[in-house]
Amino acid sequence: MSPSEFEQDPTRSDAAGRRPAAGDPLAPGATPDDAVLLTARGIRKSFGENEVLRSIDLEVRRGEVVVLIGPSGSGKTTVLRSLNGLETPDSGVLDFDGGPELDFAAGITKQGRVAMRDRSAMVFQQHNLFPHMTVLENVIEGPVRVQRVPRARAIADAEALLERVGLSDKRDAYPFALSGGQQQRVGIVRALALRPDLLLFDEPTSALDPELVGEVLKVIKELADEGWTMVVVTHELGFARQVADEVLFMDGGVVVERGAPKDIFTNPAEERTRRFLDRILRPLD
Amino acid sequence: SSSTPAATDDASGDEYGLVKAGTLTVATEGTYRPFTYHDEGSGDLVGYDVEIAEAVADELGLEIEFQETQWDAIFAGLESGRSDVIANQVSINPEREEKYLFSSPYTVSPSVVVVNEGDTSISSFEDLAGKTTAQSLTSNFYQLAVDAGANVEAVEGWAQAVALLEQGRVDATVNDELTYLDYVKENPDAKLEVVAETDPTQSALAFAKDKTALVKAVDEALETLRADGTLAEIGEKYFGADVSE
Amino acid sequence: MDSSGWQLFLDSFWPIVWGGLGGTIPLALASFAIGIVLALVVALMRISKNRVLSGVARFYVSVIRGTPLLVQLFVIFYGMPAVGIVLDPWPSAIIAFSLNVGGYAAEIIRAAILSVPKGQWEAGYTIGMSSGTTLRRIILPQAARVSVPPLSNTFISLVKDTSLASLILVTELFRVSEEIAAFSQEFMLIYLEAALIYWLFCLVLSSGQSALERRLDRYVAV
Amino acid sequence: MDSSGWQLFLDSFWPIVWGGLGGTIPLALASFAIGIVLALVVALMRISKNRVLSGVARFYVSVIRGTPLLVQLFVIFYGMPAVGIVLDPWPSAIIAFSLNVGGYAAEIIRAAILSVPKGQWEAGYTIGMSSGTTLRRIILPQAARVSVPPLSNTFISLVKDTSLASLILVTELFRVSEEIAAFSQEFMLIYLEAALIYWLFCLVLSSGQSALERRLDRYVAV
Amino acid sequence: MSPSEFEQDPTRSDAAGRRPAAGDPLAPGATPDDAVLLTARGIRKSFGENEVLRSIDLEVRRGEVVVLIGPSGSGKTTVLRSLNGLETPDSGVLDFDGGPELDFAAGITKQGRVAMRDRSAMVFQQHNLFPHMTVLENVIEGPVRVQRVPRARAIADAEALLERVGLSDKRDAYPFALSGGQQQRVGIVRALALRPDLLLFDEPTSALDPELVGEVLKVIKELADEGWTMVVVTHELGFARQVADEVLFMDGGVVVERGAPKDIFTNPAEERTRRFLDRILRPLD
């Protein structure tokens, strides 16, 4: 089955509430345009006494790649999790294009959270593949069980995606039998198979051996080039520089500085940003 | 303490090969009213069999020590040399006679069929055929019920058998008349009645096969106690009658 | 063992084994199956954030583990008629043993569920699953692997505990042995024989456990 | 409960509790303490690369877990005299229960030792420790933490299993209840009371478990 | 107690069979000179069918820093473990200056392995601190239990070392309460406290957050500057370049190339080395 069959099936996109894929299986659900996909305003979140997010604003346009950087504990993961509905902010507003605006201060229903979660898919640092399922089963679980895509079509879709990231021969392997880089690529495919509007990456390479980092970054870069909308948390500054449309530097639960990568990396306005970049780029100085 | 028979010269009774020199070690259940049980629940060990055993030991000039355990373990204790004698209403039957020695009987009483008051469907042992009775496994009443063709449910003891009978889950129970009488004495409201009884069964003290000398001495002691009215007296105390003959 | 002892041993062997196959094993299997389902419910109640549910579950587990099985059996068989519920021996036994297994196994299952990394729940959520689906499709299959060895302990204990069922009129392996022992007066010999037969049953059941573990281990590196 | 029942309940309470304090609890504590030491030895034997040692340990565990405790007690108390070993009730009971605990706890301890990451052994070696020292100073303190909950299960089961000791002439909680039940013929009431008292003991013991867990958890993030 | 007390106590060095420390607590057991400390020849090791080391030769001089690089699975860790006696090679010869020569093919006694292990100390990737002991207890465990150093002196020594790596205030903390970088520094101190002739580091920073890498690398660099002899497995090529006296590139169980860092990094002789360096330095190309 050719990957382009996605286009020939109008029911699919309706059932899942998502736009059909372009010819290439790696292509995102929508051709990039400049429409705003997601707006977050004044997102706050505390864990007990600990105020982890102190009013975060964020705007992501379709086809754009936003990179979050910042020291450990600055709240990057919490931002991603809030966008994916894994965490419920205490207040703030989240507006996915085409969906209802969610006001967290007013309380949010289960349906609201589910609707929000369905718009995005997360790729975790520790990949979190399902160890008791083969690669193929991992990938089709969401489409078949949740989105009710017919099994045969989900399999064809998964196979096309796996081939695209070079893992066709692993479709029946269990995760334990894969290298870290392969596992992470499966994690990405599992997210892609859901055809989400927004891909969220939380340090997708930081648990990998250094030589395996490249293979995963390359896949993400290709996704970016092909127009997927994504928010990426990463410490790979070289990668961020090449791929990001916008870089946000977070510290202590606030966005300290934001801008184009070349500005942030070569000429940060804030002293805090500069110090952070120095520590990473020149650890021995 | 060592239980090896290492009797000293001046200890009495060392010719009996006692478990503990000078002491008659008696195995009994301690939970079989009115024969062997604890006064007021967990007070002193008392009962018809207990007092008989005490009288016998006294007659033989021996100290007495009771070992209380479940029926399962009573015979194992006798065979492994942990006790000298069982005083627990052991009724004499051929299987047991093959394995143990018995004294002359000290209880002679009939077995009775007990039913709920007003149940007219059972009036004899023969009527038990096809009925369900509750029996404790280790008694010869079990055998009686089986022989009568009853469907036997095995229970822990009299209390559970009566509970089943009163709850209507069995039709009858077979037991010693003395047990029944004691129960209705304590529970005058009980709505039970006896509808049949057997020829009397004999219960005696049981010994290991090699204790012939002891059995002989015990028999003599029982004879004396019978003669001087002690057995009858103990019977009076527990049943209001002499049950030793 | 003298020749009459040996003869008794041989004559008793099949009756005792039949007591196991007709009483012990079906009772243990049925109670275990029901008990596991109950345990799952109780485990989920204890994990739940609802204070009442988790309190009830905690109380249940405490009572079941804190009181003798014999009394539990007695209450169900001899005690319930006082409130008008009269059950036959087998249903009573299955209810009592199931409740008992439910209490012990609940803690095992709870621990097994909690041992599955939190990331697996989140991975389920992020592909759009509900909690229920995630539990069923993602968490329980993984928890099963961890819980097989302790559950098999529970099961093997249960096999032996079923001997208490004879107190409420169920005929099983140990009951048969007691009957033979009572009539032959050979308590030691017959009980040893019963122990041997229990042991044989347990060996068979343990090999079942190993097979199950191997099956569940197929997705784990060796 | 009518007033005579209530009176019986009250009259029986302290005798039963004393049966627990004088029989059940000391028997359980002593057997558990000895059983744990035995279990540690057996666990190390099973882990060892020596085929004979691990085979012996495996056989021991299989027999202990595969046969009824009642028979184990029987063999030690009524069977051993046949080979000239005559032990008093208490020593027999403690030996039998210790051997039983040893079999069950060995598997728990083995699993706990294996759950300590291999890196901890290597860290011990790299600072120059022998295997024995590493085991004692590094591994066992960490294994202790993991094994407290399952061992406390074993202990609570043991508390109730000690009721079998009455079979070999040890007076404990349940024996006292049976005596009262036999006298009063009120077995249901008395057994329920015994269950209540067992439960109270178990609650006290469980709170000991929690205290121990808290102590062992002091080096773990909350 | 001042750290220089080590020098004033001749018994200590005898008891531990090691040379006394210089005045600085971070100073190694011996002043660097050009004597060969360790020679390994023809080290071979298989796990089952898998031949992991195929004749490794290695020479470490006193005061020298040898860095091992190479792809995952190439055998780097196995080399370190063989030097520390955690792994027993199938054949080959190991000769620690001043000790007996160990010929693995001839079999090796427990005493031989213990003697070898006592010469070196390992710092692990996952730090492997003892979680049930405080920082101080972790550090003094080896000196007190194994080397029979009096407790008071071991404590003073440990405190001096902890101060030197900036962890004085953590002496009574449990490992779980430390950041990754702090944990790894305690791991280093635990090794130093044994005053070994040779320090072995197995990817000491690869489990750390990127911003924490620097603090650990700095400590290691200082140790190198002060003359400790060490063998370091690392993927931090910038660090290797600054610190190494010699770099060995391993692949498939053999040393493919060895030389001064500037030669290896700028002008590798072997194609395999070049490819490996490229993958790490330019992951996206």
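So that you can tell them apart, the chains are marked A, B, C, D and E in the order they are listed, and the count of residues begins at 1 in each.
Definition applied: a residue touches a chain if its C-beta (ideal position, glycine included) is under 8 Å from a C-beta of that chain, and two chains touch if they have at least 3 such contacts.
From a predicted model like this one, the values you see are computed outputs, not experimental measurements.
Looking at chain B and chain C, the chains in contact with each of them are D. Graph distance from chain A to chain D, where chains that touch are one step apart, equals 2. Using the contact threshold fixed earlier, the set of chains in contact with both chain C and chain D is B.
The chain with its CA mean position farthest from that of chain A is B. Among the pairs D-E and B-D, the greater number of C-beta contacts is found at B-D.
For this pair, chain A with chain B, the centres built from the Cα atoms lie 83 Å apart. Separation between the centroids of chain B and chain D, computed from CA atoms only, is 36 Å.
Distance between chain A and chain E, defined via averaged C-alpha coordinates, is recorded as 39 Å. In whole angstrom, the spacing between the mean C-alpha positions of chain A and chain C is 46. For chain D, the set of residues touching two or more other chains reads 74, 78-79, 187-188.
For chain B, residues touching at least two other chains, in rising order: 72-73, 76, 79-80, 160, 163.
Contacts with at least two other chains are made by no residue of chain A. Pairs of chains in mutual contact: A-C, A-E, B-C, B-D, C-D, D-E. Residue ranges on chain C touching chain A, taken from their complex, read 117, 119-120, 122-123, 125-130, 133, 137-138, 141-142, 145, 218-221. Within the complex formed with chain A, the residues of chain E that make contact are 71-72, 179, 206, 209-214, 217-218, 221, 235-236, 238-239, 242, 276, 279-280, 283-284.
Chain D contributes residues 62-63, 65-72, 74-75, 78-79, 104, 107, 111, 149-150, 153, 156-157, 160, 163, 174, 187-188, 191-192, 194-196, 198-199, 201-203, 206 to its touches with chain C in the complex. Against chain C, the residues of chain A that register as touching in their complex are 84-86, 114, 117-118, 121-122, 124, 126, 128-133, 141-142, 145-147, 174-177, 190-191, 194. Contacts from chain D toward chain B in the complex involve residues 8, 11-12, 15-16, 19, 74, 77-79, 81-82, 86, 88, 166-169, 171, 175-176, 178-185, 187-188.
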